[in-house]
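Listed after this line are the structures, all set down as structure tokens.
Heads up, the next two complexes both have chain A, just with different partners, chain B and then chain C.
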Partner chain A sequence: MTDASLTVAATRPAKAPAAKFLSGAFVPRLIAGVTILALWEGVVRAFAPAYVAKPSGIVMAIPKVIVDPAFLNASFVTLSAVAQGLAIALVFGTMIGLLIGRSVVADRTLRHYVNGFYAVPMVVVLPLFSLWFGYSGATRLATIVFSSLFSIIVNVADGARAVPREYVEVSRSFRAGRISTLLEVVLPASMPYFLAGLRLAAGRALIGAVVAEFFTAIGGLGYFILYNSRTFHHNEAFVGVLLLAGFGVGFDMLVNGSIRRFMPWYRRDEAAS
Partner chain B sequence: MTEPMLSTDVQRPETTVPPVTSQADARIRVNGLVKRYGTLEVFRGIDFEVGAREIVTIVGPSGCGKTTLLRCLNGLIAADEGEIWSNGTRVTEPIAGMAMVFQHFGLFPWKTVYDNVSYGLRMAGVPAAEIARRVPHFVNLVGLKGFEQAYPYQMSGGMQQRCGLARALAVEPNVLLMDEPFAAVDAQTREILQFELMRIWEERPTAMVFVTHSIEEAVLMGDRVFVLKGRPSSIKETITIDLPHPRTRETLREARFAELREQVWSTLMSEAREAEFKLET
Partner chain C sequence: MRRELINRHAPFVLSLTAGMALWEVVGRYSSPAFMVPLSATLKKLWQLIIGGTLITQFLDSAALFLTGFVLALLIGMPLGLLLARVRGLRVGLEPYIMILYATPMVALIPFILSMMGFGFAPKVLVVFLFAVFPVLYNTIEGARSIKPELIEVARSFRSSEWSLWREVMVPYTLPYTMTGVRLAIGRGLVGMVAAEFFLSSTGLGQMIMTASQNFDTAGVFAAILVIALIGIAMMRLGRRIETHFARWRN
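Moving on to the complex of A and B:
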């Protein structure tokens, strides 16, 4: 093997874009999407009052909404809170998860609490959080962290438990310290679990942010959606919903892009099998 | 110690290395080693020494505890009775000066060749400048020059084990532990790697304990062959391999090689047939 062939092996051969469109899932996906939108449009036009959201109305509303400072501000506030909350959950969730996964004592001590909190719906802790943190961004942030933290802990702990014994033996054989083993061996080896946890956490963080805004009327994207639906601006509300969905898709693309860029050794198809 | 292994007059007609006889020369000393898993005794009464420039190969049927013994030597698992001494230290956990080459390579998939090879050095606290100097040397030594930035998944099994070997050699151990290192590669690659290992060893001889289930490999590589068998197993026979160093492809054609291989074979096989047809009790 030469260097050139190594590079080829590292990057998958790219199909021509046109061929990819036709051969892949693109066509059925497009048909499904168009069918759903057409059904929606038809039903709303036939049976519902004028203010009910329909695809054409949403498309018309987009240009107006996406330049509205209120919408932009609300989106920025919510999405940056989600990013912050996810970052906090990521750091602490990973640390606690590694601890639980690799230490029997920590596992015995913490596992029931983690599983318990993981199962608690975030809605029920919201009244407590709003008492503790006030009707402010802090409550939203706390809710986001609460919603996303435990799915990361649970997944990272599972991943840390499932690390192949040989990797740990190699690190012991070369006299690696505990912390080094944890960060250099256990953490990368649990990467598939970690990423699964992160994807779950991102979804839950979005829910947490929106729920917090719904219940406490803190300004943000969730509140924007709530306010617009209550004032019969359903199409405008749906633009907000679309942005949330877009955030979910975008986050997934970001994660996949980072994997390809920074973890060439990690291949999803291999990890899945 | 009752076995003839104590009188270890390893003959190496073509080298200047003195035969290993004195206790002071021993790099590894094992006394009365016993390992149990629950009530199952894996091996018992294991006594031997390995000289500073000696290759000991251990052969035995599957499940005889070869690998378990090696992992005890490395300090990865604790023996239930007996002692292991190396470099003046009692081995209860992995010690400096020993390095293991693993059967399934044990490379970290998330590290490049370079980072895998430097791993042991970094764990030993070797300064970065020294690592940058040493790693290329060992990468070249095992023939992986130009592949420093490759990941394990891009490499064949043979290349991966070359990398595993470089990682072990890089810490400049005086005891090398080889856990069926070539069992997971194809036959041709295996042969190439055997001679590569011998070439590297001749350049810089160390004590080596080499576990294998290939009789030919055991005779080719070893200065002494320990035949491990029985339940619980023990060293049933020690066969001194008086073939000259360096061992090359020529060695395989020598009449003495065939003789010794037959000797190990008959020692090992005398019970193998019985064992194969014995029902578990």
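Moving on to the complex of A and C:
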């Protein structure tokens, strides 16, 4: 999916009709957006009970919710836990990924475990983690790390494997040590894969944080949503969903933007292949 | 030949054995409330198989997963093709699809619970929501990358809209859709377990929940092991489907 989207995004601006197409995109988007909101509002008003979230209700709820200290606190707790967990997963994921990508022995011993854990639906470990770490923030952190670690390992390993052999040979012939080859040649060369892994990991980390809060009922954005929707404050709860969506989209854009800005060659290579 | 086989598979067998031994040893030396050895887990698993609970719960989960997943395919693929063909619609809807794709769908579970209650339908909806966006998104990507020349040639041979879809759009898009299908399998499984945890408790999810509520750690491990193995098998299946169709590309 990422490859395809990168390719398309790379080729599109190069085409001549692109400018015309972009300037014309705003109107259909606006129409579609308004239609969706109107449909949502209409259907809820006509068929659903009064507590169900609808656009007008959500807009009314926003000013109240975003100054609510409970909401601000919950958002801060969850988002900082996600950041912490991602940082831990990044450090260990990169190390293990580099190891697997550059060493045949490590690859053959660890690959199946990494792929295996990667394939496990992450929600499944919650009962176990809450048993091990208690009903506390530690369970959430562990879930976030577990959800995000393996996508980073897999992608960094792929990237380290895909480093052109000449790069490594050149650094060898300049008598670079193993470690400095790894850190100064292999790691930068596999940056695009690393960022692709990071983007996947961030999405999964967010899901991990929310399910951990649902499961253990520890305070945070997920619990804010759970609590408000249980007490039939759907409009307020939906503001939390909007923030989560915004965080997800924002992180995607950040990673895509930094690939475009700092690694323009990557997109061209992708388009050529 | 034989030697090559040994060389290739020995590290895997060795690391698997080492992992199993590690699990056994750690399990034996830690409190049974936190961790049970592999042997106890397998014994528990065997009991669950013999008693028939595993089979019934598995079938329950499978019905949920398949219903949601098939619905996601049946809606995601035609909708993706339609959006690719009708440009105005695609331009208008694309950003919203992107946003929904990046939104953690688990956050919607509490709303679904309080609106739809505890039946089978809300759980299917959860699996559907988890699985549909990868299919939709990748189908749009695939259909968009169809070379305009292909459609022009089909048009100049006076191909009807129907045969254009059948002979150009669908075959060209299918490999991309299958990438979406692989991603949807993984997400759908997460959705399945999440639905079984947080909506009405059934299937394999219920098996884990009851075991953990009864402090039956061996039961928890056995159920997690089963779901993990299903996850791995499904991932392989997804890969296989994807590479099978990938041969069509280019």
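Just so it is clear, the second predicted complex is superposed on the first by the 222 of 273 C-alpha atoms of A that agree within 3 Å, B and C clash if a C-alpha of one lies under 4 Å from a C-alpha of the other, contacts with A are read in each partner's own complex, and residues count from 1 in each chain.
Criterion: a contact is a pair of C-beta atoms (placed from the backbone, for glycine too) under 8 Å apart; a residue touches a chain by one contact, two chains touch by 3 or more.
Since we're looking at a predicted model, the values are computed, not measured.
Trainee: Between chain B (first) and chain C (second), which does A:257 come into contact with in this model arrangement: first, second, both, or neither?
Mentor: Touch partners of A:257: none, neither chain B nor chain C.
Trainee: In the superposed arrangement, which partner chain does A:175 touch: chain B (first), chain C (second), both, or neither?
Mentor: Only chain B; A:175 stays clear of chain C.
Trainee: Examine A:185 and indicate which partner it touches, taking first as chain B and second as chain C; both and neither are also allowed.
Mentor: After superposing on A, A:185 lies in contact with chain B but is clear of chain C.
Trainee: Considering only the touch criterion stated at the top, classify A:229 as touching first (chain B), second (chain C), both, or neither.
Mentor: So A:229 only meets chain C here.
Trainee: Looking only at contacts as defined up top, I'd like to know whether chain B or chain C touches more of chain A.
Mentor: Partner with more touched residues of chain A: C.
Trainee: Report for A:32: first if it touches chain B alone, second if chain C alone, otherwise both or neither.
Mentor: So A:32 only meets chain C here.
Trainee: Would you sort A:134 into first (chain B), second (chain C), both or neither based on which partner it touches?
Mentor: A:134 sits against neither chain B nor chain C.
Trainee: Should A:119 be classified as contacting the first partner (chain B), the second (chain C), both, or neither?
Mentor: The answer is second: A:119 touches chain C but not chain B.
Trainee: Name the residues of chain A shared by its contacts with chain B and its contacts with chain C.
Mentor: The answer is residues 1 of chain A.
Trainee: State the interface residues of chain C toward chain A in the complex, per the touch definition above.
Mentor: 11-12, 14-16, 18-19, 33-34, 88-89, 91-93, 95-96, 98-100, 102-104, 106-111, 113-115, 134, 137-138, 141-142, 144-145, 176, 179-180, 183, 186, 189-190, 192-194, 197-198, 208-209, 211-212, 217, 220-221, 224, 227-228, 231-232, 234-235
Trainee: Show which residues of chain A lie in contact with chain C when the two form their complex.
Mentor: Its residues touching chain C are 1, 4-5, 7-8, 21, 24-25, 28-29, 31-33, 36, 48, 51-53, 105, 108-110, 112-113, 115-116, 118-128, 130-132, 203, 206-207, 210-211, 214-215, 222, 225-226, 229-230, 232, 234, 237-238, 240-241, 244-245, 248-249, 252.
Trainee: Could you pull out which chain A residues touch chain B in their complex?
Mentor: Checking each residue of chain A against chain B gives 1-3, 6, 9-10, 166-167, 169-177, 180, 184-185, 188-189, 191, 263-267, 270.
Trainee: In the complex, go through chain B and note every residue touching chain A.
Mentor: Going by the criterion above, the answer is residues 71, 74, 76, 93-96, 99-100, 102, 104, 106, 108-110, 119-120, 123-124, 146-147, 149-154, 171.
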